[in-house]
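In order of appearance the chains are A, B, C and D, and numbering begins at 1 in each one.
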Amino acid sequence: MLKVRLRSVLTAALAAAVLLSVVTAAPAEAQPKEVKVAVIAPLSGPWARQGQLMQMGAEMAIDEINEKGGIKALGGAKMKLILVDAGDTAEKAKNAAQRVLAQEPDLVGGTGAWLSSFTLAVTEITERAGVPMLTLSYSDAITERGFKYVFQTSPTGGTQARAALPTILEMAQKATGKKPKTVGIIMDNTAAPVSFAKPMREGGLQKLGLELVVDEVFTPPLADATALVQKVRRAKPDIMLLLPTSVPDDKLILEKFNEFKLGQGRIPLIANGAHIGSPELLKNVGPQLLEGLMFIVANWGVKGQEAIIERFVKRTGEPWITQDSMTAYGDMWILKEALERAGAADSKKVAEEIRKLDLKEGPAALAFPGGVKFEPNGRRAGAHLVIVQWQKGKAVTVYPAELAVAEPIWPKQ
Amino acid sequence: MGELGWFAIDFLQALITGLLVGGTYALMCVGLGMIFGVMRVVNFAQGDFLMLGMYAAYYVATALGVMAVLGPYVGPVMAGLLAGPAVFVVGWLLHRFLIGRVTGVAAVGAEAEGHYAQIILTLGIALVLQNGGLILFGSLPLSIPTPMSRESWEIWEFLVNQARTVSFGVAIVVALLLYAFLKRTPLGKSMRAAADNPEAALYMGIDVDRCHRTAFALGCAITAIAGGLIASTQSFQPYIGFDFVITMYAGVVLGGLGSILGAFWGGMTIGLVQQLSALMLPFQLQNTAIFVVFLLIIFFRPHGMFGRSAERT
Amino acid sequence: MGRRSLRRDLFAIAGIAVAFVVALLLVESAYYRLILTLVVIWATMGLAWNMLSGYGGLISFGHAAFFGLGAYTATLAMVQFDITPWLGIPMGVLVGMLAGVLIGLATFRLRGHYFALSMLAYPLAMLYVFEWLGYQEVVLPMKRENPAAYMQFSDPRVHALLGLGLMVLALLASLAVERTRFGMALLAIKQNEAAAEAAGIDTWRWKMPAIILSAGFAAAAGGLYAVVLLVVTPPTVFGVLVSAQALIVCLFGGVGILWGPVIGAAILVPLAEILHGELGHVIPGIQGVVYGVAIIVIILLAPEGIYWRLRDRFFRAAPMVPDAVPVATAEAAVTPMRSHRPLLVLEGVSRSFGGLRAVDNVSLTVEEGAIHGIIGPNGAGKTTLFNVINGFLKPNGGSIRFDGKDIVGLKPNRVCRAGVGRTFQIVRVFPRMTVLENVVSGAYVATTDDREAERLALRAIDTAGLSRAEAAQVASGLTMRQLRLLELARALAGQPKLLLLDEILAGLGHAELEEVIEAIRRVARGGTTVLIIEHTMHAMVRLAERFSVLDHGALIADGKPLDVTRDPAVIEAYLGKKWVQRAADRVA
Amino acid sequence: MLRIESLEVAYGGLRALDGVSIEVAQGQFVAVVGPNGAGKTTLFRAISGTVSPAGGRISYDGHDLLALPAARRAHMGIAHVPEGRQMFPSMTVFENLEMGAYTDAGRARWRETLELVFQLFPVLQERKGQLAGTLSGGEQQMLAIGRGLASAPRLLMLDEPSMGLAPAVADTIFERIQQIHREHGITVLLVEQRVAEALESCDLGYVLETGHVVMQGTHDALIADERVKKAYLGL
């Protein structure tokens, strides 16, 4: 009796799934030709906010593309966004990728999946299916696997660290007249900070003449930051690298710095990642604690992007655009450009065209300062680093000079 | 100052922090311990009641204007306390319509006294609360804005965080009030009686169902108050309960299942171990230290620190 | 439980396997194939959990520990040493089993909720250690050449088949557990660990293989999971959700039965996926709400799991009547010659709790073949004395010799196997099993052979005076008389030389009392010595040929019933004046 | 005072009580005797509301008892001293008594009843502060009765008070029960399987077997009955 029931349950479940997918897919046939692209991002679970930000950016790009006449090379075909929830585990993310590929066999490409472990799992699927995936995940591992269909638009963690530190030291020297001698690191042990800190610990700091005097790693979420900041208070480094990855941990650490009389510029703080420039962090800790805090990101609202930002703010009600939205926006435009060049809604051809892209202007190039061109391993060539600083309650780009919308202010002790 | 002097200072600072952090842990453990003590239910949704408490406190503080009226110092504390009654209602309703169906009299004679059903049921409730929270409250991390969380009182070499100190004080007071309630008032005593022997309690004219419901709702409320207090030091999102439910269970088991006093000291122990372990171990192993200490204590006292060890055959 | 025929179970397993393969061949989409793969992996994980927690009742909230070790061993073996998962997964199984041994050694002394929640600590402690070691995200490298050698098949259906193979192995292992004395021992441990120990079951000896087997399958599931997922992070393999998933598929489908986890996984894994896929992007979070509500509703309808609900509702099996009627024994048994040889000798035995001397310098001798009664007021230390004799408690002083051997310090199961059987005040039976099956569980002390065990059980049932029709009844609906006789038969089935009966007459009506007394007499006539604690004095006077009276832990009288009941000290301490008066009336 | 009419209780198809009718008048001492499994405890549980009958009526003081939730029934003046004592083991002796006085009447007459309880069972006063779980069996039974009395009941229901007690202790307990009935005018409904002791002191007795009342009558009639003598008194 059991095998019968089990089988019927299985078949029923599968039949239901098939039916649902048929129902959802059916209207597509009736409409004029569409080209499908996907955003695979966590829309539920602890990272839901980040997925939502990506969704907002991607939707804006799609609307703009379609308003301007869709994909011209395909007779004005509209681009259609397939939103896929990657959930809260790598298993769910991978299932999501497998599902979207099964249900949308004509998918030409996508972006995702925010968390680098999710991206790693998702790209295992898309790689085998030959569907190009764009990602802003920092982890070096993503493009170290020899994959052909993954494109990392952000500089990897390691690249960011190597590029950013000399710039920051220079800024410090210019402002204070002397070079920082000591540095401290507080970081969590997720993939992004780990790949950021690795080259620095392995001789990077030494080369810059810096001595590492505080080196603390924690597993998120943090319960209390006292023990961490106590060490900083003792060692008083000249600059401090703060590398947590979530707003709750940011809040605990920043407030503890303030409480221990180390905040508000007494020790220059350099952070990493988009979360530290998010409106929600501002809401959680207030402008006073953030003032002067600098952070390194792959992408931010820079000079030239004013129009995009204005449209985004108007559309979403968000106070400004962050990296997650901007990259998703740009990714859609990259796919659009590749589609125009490929002239066919075929994922492999699109991928080939992405590999050949060299965009210096247009919305895609605007979204990714430094232009869109990929190295053979899939990393964006010359992916610029942007340094942003909190100034009077806003996170503004201060470096590189050609993109900056404000002058950096180095705290003077 | 010598190496030893520095260590002493670090140690005392960690001790202070551990006590302060432990205070709120203790309170949330007391909430969970109360539910287990009276109803013998393994409630995996307890972390999500903590989350509800955080949101309740947040909205009481901001939308209901308690902060605006009472100011940024008293306001958050008041909001934290008011989270209690709000979540009490939720707990009451959940017990009335769901939990009560697989606990108490309903669980007598069921396999493993209904624990299997209870575990799954509370896991289901946890899922609904977390994801319902996402729909209702959104994914933005929030916190109650108060200057207390970023300021401290300086006592000689030591810095004592204001928000945590106030939370600690309130947590102790709430725990003491609960203790007095259970020891002194007729309702509290009848709840203990219902916990000890539901059938006999019924013969005394005690409404056991209502006792269970009160205990469940009260347990949820106590944990929610702990959440409400934490909401002014930490920011939260709908899935935060998960981070705390394990801590809570560790604390309650450590203290001895069924003992309110034990739950309190269990929570306190967790806070202390968490902070003190950072003096000797890499910070990343903070939580490993908690679980190792947990296992050690349980090995030497298989019924927790305050559990009754008399086992009858 | 053992009522289902083996052949039918094997057919069912084969049927499931065939159905699965057919489903796999039918579905086109790689997505559904992936889901099918995950169904069998999680079903295996559930089965693994079931082996320890379902059969043995040792609920574990920490099976992620084994799952994660399996996953990381396979992954790290490939990443660091280029060892194929074909070897890596078996290595993971070994690591998992080793962890099972260590965790078992450390945790088996805990009971109930303490055990369950302590298990939670292991995977979480490991989770942070693995993060600290720097294994946040480990990717199994893609092997472009010779992928099959690294379990990276061009056709992912092979993964599903591997998973199926693993699940079938787990099902067969479960079947083997269920159908042998292994399962019986685990079941006894689940009911009452102390009573199991007293019934001669070396609980450690059975819990250990249970956790090793369970850990091995969990680790294998973890290893395969890593190969399928290709990315391993500590939260995905050590996280609470993994432990919870094992528990959920099992509790949802039905605990303590091999079909439970299969049913649970077959429903829940696709359900969660479908909800996620269809609703996740519409209103983020709604999928979790619907899933949670579905779980809540189903568990309210089937609180013990779907399998049990369906079985109790539709498949109440008809009682099986034991096939052959063996020779009647009670009448045929020749009353052996009483030897008057001392069988059990206590000398100066004491046991105190804190300051209280529960047993105080007791010396007594029980003769072979006797019915020896121990009486005394409540709290006199009678049950404590039994606990000291059968090894639950160590005496603080004195010696206990049984059949010429010193038994002080032996574990209860050793004492039992030396020939001391015991019943308890509170009768605990396996409610879903028949009386016969219950009694068979007691016979395994005497024999390892299943047929022989059944033969001994039937003989014990006859001696106890239960009918064959009663033997086929399910134990959940028994009367107090039947329960007491069942308990007696179960203890008797282990062929004890000495039987300790603890208030076996309590709560019996008059006619029933007579019947049980007669049964005890039959036991004694059959050559088993009986030491009995009882309050029902008028029964005891007729039953026992020797009384020992305890008061405040000390022996205050010892001798023939008539002498003892006339002893002023005994009347003062225990019997009361009324008793004397009534006894006099009765004689008159 | 208490009138039970054709009460029926079934557990999963099995009839535990089948058309049982029993009457207890104010001030009476009524004993229900019978072998185990006859349904005596079920009868009590139906009165107290821990099992719900499938049919029949229970009226108490003219009220329909079955319409009341279980927890309210104690407040009507019914004290149920359950089988197996059922202490609150982690509460003190005194707190156990306090719990007995949970009813309105019990609270109102607390001092009075407490004095009575301590007078009947002086050992309870000695052990006032001790945890109930650490008492001996006899003391626990005394506490259980004392706890029942603390509710200032009009009807005291005792379920197998002698169970598991040494004969001497059981004798004391029976003496006290008689004393409670005689000296304090409390109506007593006693369930026992020690038929001799139970019938010795009752006004009216019922014999319950397998869910049916098979015999009923006055003390003298039952004691004299041959069947009772044979089956229960062992004469």
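Structure notes:
Please note the rule applied: a contact is a pair of C-beta atoms (placed from the backbone, for glycine too) under 8 Å apart; a residue touches a chain by one contact, two chains touch by 3 or more.
These figures come from a predicted structure and were not determined experimentally.
Interface comparison, A-B versus B-D: the higher number of contacting C-beta pairs is recorded for A-B. Distance between chain centres (mean CA atoms), subunit A to subunit D: 74 Å. Distance between subunit A and subunit B, defined via averaged C-alpha coordinates, is recorded as 36 Å. Centre to centre, using the average C-alpha position, subunit B and subunit D are separated by 42 Å. Remark: subunit A and subunit C have CA centroids separated by 52 Å (rounded to whole angstrom).
The residues of subunit B that reach two or more other chains are 131, 134, 139, 282, 284, 286-287, listed in rising order. Counting only residues that touch two or more partner chains, subunit C has 128, 131-132, 284-285, 287-288. Chains touching one another, given as pairs, are A-B, A-C, B-C, B-D, C-D. Residue ranges on subunit D touching subunit C, taken from their complex, read 14, 34-38, 136-138, 163-172, 193, 195-196, 231-232, 234-235.
On the subunit A side of its complex with subunit C, the touching residues are 1-7, 9-11, 13-14, 16-17, 20, 24, 43-44, 48, 51-52, 83-85, 87, 89-92, 94-96, 98-99, 101-103, 116-117, 120-121, 124, 127, 139, 141, 145-147, 189-191, 194, 217, 219. Of all the residues in subunit B, the ones that touch subunit D in their complex are 105, 186, 189-190, 192-193, 196-197, 199-210, 308.
Of all residues in subunit B, only 6, 10, 13-14, 17, 21, 131, 134, 139-143, 145, 149-152, 159, 161, 164, 233-237, 239-240, 243, 274-275, 278-279, 282-284, 286-287 touch subunit A in the complex they form. Residues of subunit D touching subunit B in their complex: 48-50, 69-75, 79-82, 86-91, 95, 98-100, 102-103, 147, 151.
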